[in-house]
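Quick notes on the structure that follows.
Going in written order, the chains are labelled A, B, C and D, and every chain counts its residues from 1.
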Amino acid sequence: MLYSFRNDYSEGAHPQVLQALTDTNLQQTVGYGMDPLCEATRDLIRRLCNAPDADVHFLVGGTQTNFIVIESLLRPYEAVIAAHTGHVNVHETGAIESTGHKVCTAYAPDGKLTPALVESVVNSHSSEHMVLPRLVYISDTTEIGTIYTKAELEALRQCCDKHGLFLFLDGARLGSALTSPENDLTLADLAALTDAFYIGGTKNGALFGEALIMNAPNEHFRWHIKQRGAMLAKGRLMGVQFRALLENGLYFDMARHANEMAYRLRDGIAALGYPFPVPSPSNQQFPVLPNTVVEQLQAMGYEFEIDHAEGDSHTCVRFVTSWATPEHAIDTFLKNLATCK
Amino acid sequence: MLYSFRNDYSEGAHPQVLQALTDTNLQQTVGYGMDPLCEATRDLIRRLCNAPDADVHFLVGGTQTNFIVIESLLRPYEAVIAAHTGHVNVHETGAIESTGHKVCTAYAPDGKLTPALVESVVNSHSSEHMVLPRLVYISDTTEIGTIYTKAELEALRQCCDKHGLFLFLDGARLGSALTSPENDLTLADLAALTDAFYIGGTKNGALFGEALIMNAPNEHFRWHIKQRGAMLAKGRLMGVQFRALLENGLYFDMARHANEMAYRLRDGIAALGYPFPVPSPSNQQFPVLPNTVVEQLQAMGYEFEIDHAEGDSHTCVRFVTSWATPEHAIDTFLKNLATCK
Amino acid sequence: MLYSFRNDYSEGAHPQVLQALTDTNLQQTVGYGMDPLCEATRDLIRRLCNAPDADVHFLVGGTQTNFIVIESLLRPYEAVIAAHTGHVNVHETGAIESTGHKVCTAYAPDGKLTPALVESVVNSHSSEHMVLPRLVYISDTTEIGTIYTKAELEALRQCCDKHGLFLFLDGARLGSALTSPENDLTLADLAALTDAFYIGGTKNGALFGEALIMNAPNEHFRWHIKQRGAMLAKGRLMGVQFRALLENGLYFDMARHANEMAYRLRDGIAALGYPFPVPSPSNQQFPVLPNTVVEQLQAMGYEFEIDHAEGDSHTCVRFVTSWATPEHAIDTFLKNLATCK
Amino acid sequence: MLYSFRNDYSEGAHPQVLQALTDTNLQQTVGYGMDPLCEATRDLIRRLCNAPDADVHFLVGGTQTNFIVIESLLRPYEAVIAAHTGHVNVHETGAIESTGHKVCTAYAPDGKLTPALVESVVNSHSSEHMVLPRLVYISDTTEIGTIYTKAELEALRQCCDKHGLFLFLDGARLGSALTSPENDLTLADLAALTDAFYIGGTKNGALFGEALIMNAPNEHFRWHIKQRGAMLAKGRLMGVQFRALLENGLYFDMARHANEMAYRLRDGIAALGYPFPVPSPSNQQFPVLPNTVVEQLQAMGYEFEIDHAEGDSHTCVRFVTSWATPEHAIDTFLKNLATCK
């Protein structure tokens, strides 16, 4: 392999995160995230979110977090509203349905839900013969790299309030969203505007872990976590990691770097004349390349995801950068791409 | 806290495990456990188990592993047979039931199922008005520290074959079981006699992780893992840890140490005249102490689990040792215990 | 077949019930139980129960009613408390578990739960590592024919209030219970003391149908009914049947007849010297007969259920009478039994 | 109410069906559909379907049948393919999802799936990160009244075989489909071409009941039925009804009448100049009427379903006829419609 742009979790963790784990390794603590290390990090997160009353929980991964939050908030006949590209709709092997809930989709070309899209779903569900849409699922960044503005999120919040809906934001790539030049949202905004959201660690420098901030009352959420096999015995590992990520801004520094590498890549590819049908201001970039170029890149040893075919001769591919992507990997790639025909 | 005997996951990981994570940290790999690091460890485990055709999967925790194995093997109307003390029956917040399956229990005073107990459950289920028992769940060590002999496991295997039952062994504390002086089972025996079992990492020196060895055909097991939110993005972390644990016997060395510390503790407590109603040959010890002694130990700063009251004046408590328990912690404890009245 | 004492649903419906269906057959109504026939019967039931604010729903069968009520009231981590002989624990193929909920059992020799039994379950569930018992399931009559007194039900209600538990009474055989000489409960008592209970039609003269009286708030219960496939298109069939059963006391007349036939049978069997280990004041009778007698009765063409073996030479069998059992069938049976050796 | 075209289950049962229930009312039988009345009807159905080895089961309603068949055939990670208008997708309150399975939809303008539509779903599901489509759900007639030809069904069968998919046909309105002039399918064709299908009784003259013909191996299907609360205690009621419906062709006579009334209605409405955007050869008709006309009809006392708005001024409505629809009801309606403006 020459270099992998396949994902933002191709390496282990940022060295400072590993060091924090090493530093605390032999401390004895109680299990299951009830230890002082986790408690302190929960406090830190509440401060960063300006949300002194929020519940903070640490979970291992994104799919796990998504379905546990959703099943904890919904009654059996209630359903999720998601963009057709939503992670919960496409890439989680029916995890939401496995907990009994339907995912109702709206077609969102840029991956973002709007009040109008939400209402189109709500209005088509009218009786006990249909599910009752109850929770709006969005992600920031979206599956196709776009991000929400504060105005957009406020509009969704208003729409949810009007229709009695929960608003849940999947922040698996929240670092990239919040450090994008186009972003005007803060952690405090997210805490104020959503019922639940999470700060994704897996895709931004942690070994694993998602920090969930929950405003919706959910007294027995730890019962849900345990029942679904998501209560890590050594829960402290997430407390330690998120402290390392968040106490001195490392989380945002890493995400900013990932974005900068993504823009350098984007600009270089665009300079070679290849189009980006959906512009992305974040660490996922989706150019359309001739199939021959795709094959040459693969033959060189580059790894990346195929998103979809664009006609017979072209392919939309996905390049992802991360905290670990070195500038020279971008520059070498661009030089190599320039040689492709 | 003076010292915690609360659990065998009170610390992080064995330093060699952490070192292995550090050494591989910046390698780029594909996600979800499909990387070369995991592949190599799977091969290693197959060799250690003398099971060249077994499937090996890495999962994050025990409850997760238990319910995913079980729901992957059972049809909706099929049920589990477990000892009344079985972890899946008592300590997993109904995880098995949350996947739709009943846990049928048999009263097993020493925590171990026998063919007679299994058959008492099978024989009381006779028609479509009842669930169909289909899988026998056991653990080694059991919840109360006892272990299975090879003869006992062979008898269960025969019983399962006779009645068309799967045999699944929870090995959360398998290290302690296999290094007990009373043990005559090997990894190869377990692979030969069960349909699935796992080598527990969380409770024996890993940060987290259970290595599942599956002999039952289960072509789409990875679909189950993903649907249940158990597919770790950086799956390689488990491949790396289990290689560190297993390639040079560290796993067994640690378990042997934990056992030795347990016996030192047991013998010292017994020498002070306190009884152990159910003898345990493993790293969990269950003495009965006067309530006054329990309170004095707690006041000193010792942590341990209360198992159950024994009448009004005594309590059965649980002490757990681990790879990290230093000999001097035992000796100091015993000295302190000797001062209690 | 000479005569079947196998069950109280061996025939169709009481002729007056069939006639009511015939009389209304060609009326056009809306579906799903929203028709005027059902509405009127709901009002009738509320009056009979002195429960003007209760919700009344009609469901087709008992297992269906049990699991829909339970899953509608519980959150995923919550569990049922039932006697070990409870219908939901033994005879419903894990229906409760199929909706995700554990059934926690207490050993109740006479089939009846008590506050002490309920509390023994509640007190053994203490943390997020265990399910949270939340609903007490009882039936009147019980599986073994016993009935609850008003004092017993009041005590259970108090216990439930103290521990925040729902109290749900399965009334599949409620007619037999309420017309037993030992009974001192009324429909109004049941409505006042339970969160939900039902008046069983299937086992007392209807073609099918259970009338559920629900006091617990359950705004979207019809969504649950529909989702579980239990919303009968021609829901009116149950409105019509329950009107026929309840508007002139037919329901109680039939149950009283069933009980009288049961006592006639019981007294006749007892007079022949056969014991009834658990006395039953209702339409199920459980004598213990020599195996040779059981075989002779079967050879004559009598049908009845085998309950369980009592040692090697005797069997506890179950005889059930119904609204349709003619007196001469009892007398002939007793004459025939007298000839057995 | 003047007349209801709301549904084909607005009345009770055909008088011959009621008579058959009356005739057998006092026969004693065993419960749960294991009685001789059901057995004989199962044999009759196997003969009519030329399927001597098929399993025949009787279930109470359509939603129930749909989800039990589907959950009995699928493994947890497997999914259904349905038209976007499919009953299981829209009108069953997420019943399929409540059993854990995703419904993947394809946009089918005429309500019918084709091999191309099926393959578009299959081809977009490629890994363990997605559900595995495994069962094709169709209905005949469809939700919008269209029907499948034999060639179309054969093509779907081939497609299913190619991709390892089950083919399940919802026959809630199968009578109307099979007696349509455009139909060329027989019961024997359906048995030969599907893995499971059902003959709907509820919407064609029974009090209730669907007769399921299952070719896919499903040894423990009765366990599924019971677990889902769908095993009717007096299962014989369905055996009796389906014998009355099927032994002398009553089922088809009734459906033919319903269709003829539908065509009479359709032709009369069309003669008044109102369009039918999607032609229907069956007992559901979907004309587009001016909103003013809709309101006038409602004011007269006609009942029918609103399907959807067609712009601001018009509405697509649904008229359904049945075995019970008298010719004069059609003629009077048409006269009344002619007076609307």
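Of note:
Simple rule for what comes next: a contact is a pair of C-beta atoms (placed from the backbone, for glycine too) under 8 Å apart; a residue touches a chain by one contact, two chains touch by 3 or more.
These numbers were taken from a predicted model, which means no experiment stands behind them.
When every chain is reduced to the mean of its CA atoms, the largest separation from chain A belongs to C. The mean-CA centres of chain A and chain B are about 33 angstrom from one another, to the nearest whole unit.
Averaging Cα coordinates per chain places chain A and chain D 42 Å apart. Mean C-alpha position of chain A lies 51 Å from that of chain C. For chain D, residues that reach two or more other chains under the stated contact definition are 76-77, 92-94, 98-100, 128-129, 131, 223, 226-227, 231. Chain contact topology: the protein chains form a complete graph, every chain touching every other one. In the complex of the two chains, the chain B residues touching chain D come out as 71-72, 75-77, 99-100, 128-129, 131-132, 220, 222-227, 231. By the touch rule above, chain D contacts chain A in their complex via residues 76-77, 79, 90-94, 97-103, 128-131. Residues 1, 3-4, 6-7, 9-13, 15, 18, 21-22, 24-31, 60-68, 92-95, 98, 202-203, 207-208, 223, 226-234, 236-237, 303, 324 of chain B touch chain A in their complex.
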